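Heads up, the next two complexes both have chain A, just with different partners, chain B and then chain C.
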Partner chain A sequence: MISFARQLNLIDYSLSSLWRRRGKSLGVMVVFAGVIFLLASFQMTTRALTDAAADLLAYAPEITIQKMTAGRQESIPLEYQEKLSSIWGIRAITPRVWGYYFNEISGANYTILGLDPHSMPLGDQLGQAIDTGALPEAHEVVLGQGVNAEVAGGDKSIFSLFRPDLSLKAFALAGTFKAETNLLTYDTLFMNLDDARDLFAMAEDMATDLCVTVANPSEVSTIAKKIAALLPDTRVVTRQQVQKTYQAVFGWRSGFASICLLTALASFIIFAWDKASGLTPEERKEISVLKIIGWQTSDVLVLRFWEGVIVSLVSFVVGYTLAYIHVSFFEASLFRPILLGWSVLHPALRLRPSVELGETLLILCLTVVPYLAATVIPAWRAAIIPADSALN
Partner chain B sequence: MAASLIELEKVCKTYNQDRPNQVRALVDIDLSIAANAMVCLQGASGSGKSTLLSVIGCVFPPTSGRATIAGKALSRMPDRFLTIHRLNTIGFIFQHFNLLPGLTVLENITLPLMPLGVGPGERRERAGRLMAMLSIGHRANFPVSQISGGELQRVAIARALVNDPPIILADEPTAHLDHALSLAFMEIMVDLQQAGKTIILTSHDQLITRHPAVERIIGIEDGKIHVP
Partner chain C sequence: MFLSAWSLALSLLSLVALILTVIATRTAVKVLRWWDPASDSNRQIRLENETWLSSTLVQYGMGFQILSLLLFVLAADHFSQVISGAMCATGALTANAYGMPTLLLKILGAFFYGFWIVLHGFDIRSEQYPLLKAKYIALVCLLPLLAVDVVSQTLYLANLKPDIITSCCAVVFGEGGGDSGNLLGAVPQGTLSMLFYGIALVLVFCGSFLLRCLHPLLLWLNGLVWLLFVGVSLVAITTIFSSYIYAMPYHHCPFCILKPEYGYIGLLIYGTLLPAAFFGISGALAELIPTRIGLDAVVHRFQKTAMLLSTLLLVLFVLVVSYHFVVYRLMGGEGG
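After this line comes the complex of A and B, so read on.
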């Protein structure tokens, strides 16, 4: 067992040794910090997106019912609401129009959300998502930040959209959504249910889906099963299922990118192994001198270990800090196209990276531990250089 | 008669034993060196001189025979304990000094103290005393690549002495020094001997072999001791 005072001396010598070879040490640290930066950025971005989705789904209905024909969704008759009246536990059923509007000028698809918030329990809470203005009344619309910048030009108070027969429907701007809700609302136009029907030329007794609010949240899945049994031609989706879908989408994309980055990490570890295996004549001489003047083989091994710990921990702290800055202050600009690729209007999210102990330790184990293994094991070859070679 | 500090009996050292490239570097060496002596090992290249120095310096144990250095038998001593014994007993001065070029004078001198767990303050204090004694105190924070040959030699001596070992081994110490520096080196060795150290030198330099303080020349040829 090496004493504490001796360990301190070996750490002292490790620092001096790294400083003497500062060019080589800095090169390794820059590459290593780069790999850690990429891995940590992905981990933080994925976590921030998943958290943002979870926060925003608080606004989503607990259960959504969509009518299916031939495996595809079609409009649902409002009379379906009455068929559900026998189910205890349903607090309210709100018809909704959820569709897409293609803007030929910008080439973007907008999400149209039409519902009557006043008919929903806690519907007024939707107002909390609105930055300026109020919930939309007849012929009014609340815009997501992206749509507002594009369609309303930032300062228009009235604008028009085309109906399917190419006649124009005018809207007054009632407000805009908060930037924090960008993940779901960036490309959204939120309007009155009747206006949405009018815009899409839908019949008055139809909606795209029905939103169900339940009295007891713990009964959501039971009620969803009952609805599915009563309405066999519908798809019943719970909020929890939507949340899982978000997690799966981000998780899959993040996983794919992580595999690519782990390949880069593996290449770096092989490079580190190769560097650690080859000893320069100066290094051989240094080790033989240290050994003949009384350093143990274990001292040399511990010395190399501390060098590896210092290089890898400094790289980890630098890489992880840069990743935090990248996600927090630069909105993860390097990875947005990969993680948010499906939308035409890429949401300009304000990401809030969270540093989770478990995930930080995972990155630490995926990077620092392989590096230490790759450098300490070949260091054994250096440590067993015979002491008498200093005499020759 | 002074007690023997170094006692070798029938010492043999064979490299690559029982292999086709086996080399018998030392054959039945009997040698006794008293404490506080100054002796010189002499022999041609490949005669076994460095191997004998390595056995005396506790770098490795003999293949057979009995080697007792400063009261401890080396035979079958594990490498770990051999290193500890070497750290406490032997001070090495090498032919090319073998100082580490990126380190300062002070850092080079204190290297043997690091595995002993000696703290930075005490390391500086011990090295400071030696640097003052050897007149290199003003060079303490200079990299060894920036000091003269004579100063390098004194740094190497200081490093050998910093653990206060009873035995100093100097391998061809004057091979790359001019006459004046060689004389200065021997003066320091004489001072160390008078301070109670046992000095073992290897050299072909007549300045050493004919120096009055060198009381014995030990010749080595083909791994055996012979009287020159």
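After this line comes the complex of A and C, so read on.
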């Protein structure tokens, strides 16, 4: 019915008409690209953070057991391990000692993690996360990038931390974690189980929690239920739950931010509506001349549709590209504090935004659709200008 | 779960489509009450101008409806990462009673918008606008469908709780007998694939015959067979073809094929099946246009184009959907 060549001619005409009104078109495009940039940056940052968390959690233990007393977590006795020996399907149980260490000089909280890598089935793979050096032996420690810069000053090989009674405990630097794992390890000191107990002044037969590795991934929930039944005073957390919680938190925060940005979108829509409604005398004249030379109302409507599509697509490409540059090269510096938490040591994550059809379509629906809808009625008002109005 | 960019986008999209259709319906009501082709009063001229607005709005509405259908499935896939127990869109869509109905309403909505645009296309071909009243009655009927769609989607999003345990597609479409969560029971694969290819062959023959001679009875028959074929295809994609695409015998899911991991092949599959069905069915529905109003030539030309398009898209659909299946059967593997 409507030939391809005719549409091409209409696109050609709408391009030249946009060029003739380049001041007005450019104004709309700049504001529109700005709105798209904000929304797309948020979406890309959320997505990149979720991906980073999922990648890192892939090596986390399937099940974590924490002892609960009066609704608070406390140290778990190592003898609990033996109670679980009756459950088939558990590959290994690894006790962990971890906690926070407050550095009074910098005012930052470090995460201390102590565990015996050789007692875990995938323990040797921990070495993959270490950039330089090796797994810690006795009185040795592996540092996250942030702690390394702060505590060890970048090139120190020996440093000390305070025990609770303020006596000093010395550590030798065994290595540092890779920058890719910054989301989890940026503020971490990784050491031997005994060293961690010594630092926290914890009893010999205690641990902070127990990590359970399960041989068959499809049995995780069944085993988790059995553990919960055998050890009623504990909280059993599966890796999947942790992952979903991460996503829910990032998703919730990005949704909240999107609602805030909707106000920006709404004001842009009003701006676009206003720009499209206010016809200059030249534009009225142009349309009536077109009508006189034989254009139909529908042709003018199609022309306006193409103008809207061109403006949206150009703004979309510009805004989306800027968002990509913002997230990947400037590490989403505008929004990261909102999405990542408020700790003093901010992980300097290298975010890798992924361009995926679904996400692109999401931003397109949030921005281009309202714009097209807002300009359709002004376009129609312009299109029904009668042919004789140029003569008046 | 409204506090997510996906829920916001879906709600915004539906709301925009609804508002546009409401404005179009306002014109429809005015036209049904006041339209008088013999008059040259101001009101008549205004109404004539407004008919342009309403048809443009419905065309935009259809575009947004198709977008919202696609976004809904992608959003469901995204929600599955947050809802515990759900592993893909199936789990998210069955997380409450409104997921599947909303999906069906969206597909139905896109089809009805399309039929309306075809009707509008016929109408503006004649200077007397002979189908004007019928067209606007249809538009008034379209509005409740869209409203139900919006309500159902809102209920779906509102009842989506991230902590509800749902079944993932491995359970829902799995073969395990006696499973209450099983959407599709044990369908014998041999019979189903014979039925699928059989009907496809019948449709290709029908289509190529209709291209030469538009027989009214055959057109209706063709439309009915198309309806049947859409159902059979969806079952066949779920139970047979999808697992060959995933290269996993126990993964039967009609939504995961839309994911980037499988090269978006699902978009091509549904993007050929649904338009093919649309043209097949609208060719038959075009027979409803009475012959006395003098649109015969236009209707016949549309029917021929529709038959050509539906047959071509059908062939493409069968080729794409069978690709992994045939490669596996011939090479005994993924074929490198």
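Keep this in mind: the second predicted complex is superposed on the first by the 389 of 392 C-alpha atoms of A that agree within 3 Å, B and C clash if a C-alpha of one lies under 4 Å from a C-alpha of the other, contacts with A are read in each partner's own complex, and residues count from 1 in each chain.
The criterion applied here is as follows: contacts are C-beta pairs under 8 Å (C-beta built on N, C-alpha and C of every residue); 3 or more make two chains touch, one makes a residue touch a chain.
Bear in mind that the values here come from a model prediction, so they are computed numbers and not experimental data.
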{"item": "Room on chain A for both chain B and chain C (clash or fit)", "value": "fit"}
{"item": "Touching partner for A:361 - first (chain B), second (chain C), both, neither", "value": "second"}
{"item": "Partner chain in contact with A:383 - chain B first, chain C second, else both or neither", "value": "second"}
{"item": "Partner chain in contact with A:289 - chain B first, chain C second, else both or neither", "value": "first"}
{"item": "First, second, both or neither for A:371, with chain B first and chain C second", "value": "neither"}
{"item": "Chain B, chain C and vertex chain A (Cα centres) - angle in steps of 10°", "value": "50"}
{"item": "A:247 touches, of chain B and chain C: first, second, both or neither?", "value": "second"}
{"item": "Partner chain in contact with A:320 - chain B first, chain C second, else both or neither", "value": "neither"}
{"item": "Partner touching more residues of chain A, whether chain B or chain C", "value": "C"}
{"item": "First, second, both or neither for A:297, with chain B first and chain C second", "value": "both"}
{"item": "Contacts of A:5 with chain B and chain C, given as first, second, both or neither", "value": "first"}
{"item": "Overlay on chain A, chain C to chain B nearest C-alpha distance, Å", "value": "5"}
{"item": "Chain C-contacting residues of chain A that also contact chain B", "value": "297-298"}
{"item": "In the complex with chain B, residue positions of chain A that touch it", "value": "3-6, 8-10, 12-13, 16, 20, 282, 285-286, 289-299, 386-388, 390-392"}
{"item": "Chain B residues touching chain A - in the complex, by the definition given at the top", "value": "50, 53-54, 57, 59-60, 79-80, 83-84, 86-87, 92, 94, 98, 100-103, 107, 111-120, 159, 163, 171"}
{"item": "Chain C-facing residues of chain A, complex", "value": "1, 39, 42-43, 46, 50, 240-241, 244, 247-248, 251-252, 254-256, 258-259, 262, 297-298, 301, 305, 356-358, 361-362, 364-366, 369-370, 372-373, 376-377, 379-380, 383-384"}
{"item": "Touching residues (chain side chain C, partner chain A) in the complex", "value": "2-10, 12-13, 16, 19-20, 23, 49, 52-53, 56-57, 60, 64, 67-68, 70-71, 74-75, 77-78, 81-84, 121, 124, 162, 260, 264"}
